[in-house]
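Letters A, B, C, D, E and F mark the chains as written, and numbering starts fresh at 1 in each.
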């Protein structure tokens, strides 16, 4: 197969241009999907027969929880690419993921706790799913801590890449914890591959929110990644063009 | 034939462009003497030559092959002495040498004893390195260089903490090594007592 | 290569024996922790038996954490780690050898003391072999995971807590499965399921660790 | 409307959840754009320094 | 003298907390450690409540031990300890200042985390003040004892460090009384007896520490 | 008047009788240059003079009073530079100097900047010591000597890792210090560029 696209993607100037162009698309998609999803979720979807209106939390909980894991996978895989092919761009992408992922993990935890109070009668329970999500948060924090502890960007990239790759093992554990242990937490009903078992009027908004959050993540990622790419740039010429500053003319 | 070549080495430390297109090539029997003021980049260059510090640009090649292709076989040819001597304070000189060298090759006790004699600390074989003086430690580290073998010596200020006899010792060790067809890269502030035919100066700023 | 590994391991073992105190510290910690639990709650054997697994495994995890910080730092400071990196032998293997020594000094003693500790915590005799197997696999995995963390933080002097922050989340699966296996063993039920998972974790970390170690430490040496 | 805001008695849990999510989204957007801006101004400064050093090398004023 | 102590303490604090983010690390550390116990058990609040005391105090011991190893060793290696010894200021006081920093970094965070951790481990709200008091006294005692141990370790470093062997036995009573006090607090009973004992231990070590420290470290510097 | 006297110092290291009845006395404006081969006992002597290493026999006295009587007031007069420089790698040069000196006296930022200029590393004030070259670290340590004040300097190989300018720097610092009436004890292998009137050599074997 030909690797041209790969190398083009790997070249900072090209990536910077690409990212600049793609950001608005993702941003708009995110905005529309999320608004529609919220309207559908809070307004149109009928109350759940067991949980009443409490279930509506799912429309922020599930998407953020889903992001919490997807972001880590994205981070780990781009870190791996960066480590193997010494691509500064993918290092930049990995570095951009951490804070986003951490914050959405926090949201998943928070909304989950808020949901747990009415459903399980307690905010917190040392339940595998809950605990493993908490650990995911710690993984993100460790990643951030390691990065901030190393001054030199290049070293920080490589070191944190190793950590991210090693840590990815925990993601499946989070995802399957509900199945492996008899958990309070309910098993995947949407993320299941056979046909989901929720009425469409509830399901459609959820899917919209999932898609919307994902789009939002990519929009944020592209913005951050552009900055990170610039930070890693030693040859000023294209950066000058990108920032339309004439190098030397100062 | 053995040869160490560097073309167009570039390396940044933080915001600082330390190595700006360094170029040279050294052949057997020659010693590249790296000179320069404090902070000129000698240590950085030497570490880059060892493959310890990654280059932003340029390549170091041994016998014409880039050292990053097959580092292990290159390192088998290399003996390194840095600013810090790499000895364990809680082990005796003899133990230090035995373990360090055994990682690369089989070594006999009498070789170790002989090496300690050449560097002028014959009676310290059984003494803990922690209990040695600065210069004595440096000498033990030099003994390790002589034992490690290999066709390429890279030394960073081998003479630091050494007395005048010690300085001559360094030159003597280098001379015998070069005469046996070795290649040496030495960063130093003092002059080396070598025949000018063998000496290739390189000054960084 | 065999000789290289042997030389390195004997070196580290001898160094460890010269500073017997540092070597015994994890063991002492393990003992203190396991004895602390019975003391903390008024000792009714039934209760003890229930918390025994947790006590054992938390103690094991934390005590292996204690010796980690020193694993590579000293060698990095006195320059002998560069010497290893430039020895021309497989760096990954040499670092694995150092990790093996770490296990011999922290993991193995725990495994050997486990029967005692288990008894002290009121586990039945029949459960001992199972506990042993679990601890054996678990400590190996813990040493390997911990070594990666140690390699990553090797060149960063200040952070005692960063190391734990990196290692503990990675080590938790081992803790969970180990504790379940032990609990099952004490309850006298079949512990094969968690034991398999432990084995899987041990194998996984054993395959992942070598390159991760080499990569991490190389970065630290730059 | 009243009914809607009441969320069938679950208002105490539903609305904070949505507020939390919203907060996270807003913060993330703010942080992301700020980090980009910082990086850009940093790069500008570096380029200008490079430009000056070039000028010096060229011996230009 | 005040300026000297202040300078030394800010130095050590800055070394530990190079960036503002580092301040959170000790907290994260305790979160992780206290998370371990519930993970190892299968979750039933009742039992969590029973091991909460042990868990808290194990965390305390661990954190102080983790940081202890490097309390004086690094300063001794890079020669800045000699500089302190020759500064012309009271060496005992300066070393006490270093110990105070050690407590600020290991003890204080734990004390601040205690309410959260206690809750997470299922202790009732009413018990929090008692737990706080116990932890305050206990961590101070642990830091001081540990510092003495570290000093002696330095002085013995020629024939290997004996840190743990010195510290752990001394630390055990602190742990026992501390855990006992915490257990009583959680049970809602009067905890004055063990609390007095803790206070006694803290005072004793505070009076012993200064000169013991100075003497031990001086020997280590020879 | 200030005076540093040593009479009949004896000190064993392990089995070895390192200091065998050393005697000297140094007055203001004089520099005692301690010489000798590696392992001769220079460092041991200097540490004994600081009161770091206990003597088996003999006494060191400052202004006629045994230093072990009131060490603290003696140490206030003393500035010490050993083989290792006593800087924290994770602190910047300026921070290192500020904290180290503040332990003894109040110090202003401009003093620190000035000191860094005198030792020839004006632009490293904000750089971590860990990220400095060996010689740059040594220079920062020398800057600390100039800031610590006191009437007695004891330095162990101040010139190690320094380039040639650095060697001259050491001599220059010593000259100004001696001219201000200071007393110096310096162990070194290189010759010091001082007027012979100020130089009092002492060779150990």
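Please note the rule applied: a contact is a pair of C-beta atoms (placed from the backbone, for glycine too) under 8 Å apart; a residue touches a chain by one contact, two chains touch by 3 or more.
Since the structure is predicted, the reported quantities are computational estimates derived from the model, not experimental observations.
Student: Spell out the chains that contact subunit A while also contacting subunit D.
Tutor: none
Student: Quick check for you: after a Cα superposition of subunit C on subunit E, what is the rotation angle, between 0 and 180°, in steps of 5?
Tutor: Resulting rotation angle: about 175 degrees.
Student: Based on C-beta pairs in contact, work out which chain pair has the most and send it over.
Tutor: C-E
Student: Tell me, please, which chain's centre (mean of its C-alpha atoms) is farthest from the centre of subunit C?
Tutor: F
Student: Nearest whole angstrom, what separates the Cα centre of subunit A from the Cα centre of subunit B?
Tutor: Each chain reduced to its C-alpha mean, subunit A and subunit B end up 48 Å apart.
Student: Compute the distance, rounded to whole Å, between the mean C-alpha positions of subunit D and subunit F.
Tutor: The computed centroid separation for subunit D versus subunit F comes out at 52 Å.
Student: Between subunit C and subunit F, what's the gap in Å when you average each chain's C-alpha atoms?
Tutor: Those two chain centres are 45 Å apart.
Student: When the C-alpha atoms of subunit D and subunit E are each averaged to a single point, how far apart are the two points in Å?
Tutor: Those two chain centres are 39 Å apart.
Student: Among the residues of subunit B, which ones contact at least 2 other chains?
Tutor: In subunit B, residues 14, 54, 83, 90, 131 touch at least two other chains, as defined above.
Student: Could you tell me which residues belong to subunit E and also touch two or more other chains?
Tutor: Only 15, 18, 22, 25, 28, 32, 35, 39, 41, 77, 160 qualify.
Student: Mind pulling the residue numbers of subunit D that touch at least two other chains?
Tutor: none
Student: Any idea which subunit B residues touch subunit A in the complex?
Tutor: 12, 14, 54, 56
Student: Which residues of subunit F touch subunit E in the complex?
Tutor: 47, 50-54, 72-78, 80, 82-91, 95, 98-100, 102-104, 106
Student: Quick one: which bits of subunit C touch subunit E in the complex? Just the residue numbers, please.
Tutor: 18-22, 24-26, 28-29, 32-33, 36-37, 39-42, 47, 50-51, 53-55, 57-59, 61-62, 65-66, 69-70, 77, 157-162, 164-165, 168-169, 172, 175-176, 179-180, 183
Student: Mind pulling up the subunit E residues that touch subunit A in the complex?
Tutor: Listed in rising order, the residues of subunit E that touch subunit A are 18-19, 21-22, 24-25, 28, 31-32, 35, 38-39, 41, 43, 48, 120.
Student: For a test of understanding, state which residues of subunit C touch subunit B in their complex under the given definition.
Tutor: Within the complex, subunit C touches subunit B at residues 3-4, 6-8, 10-11, 14-15, 18-19, 77-80, 82-90, 94, 221-222.
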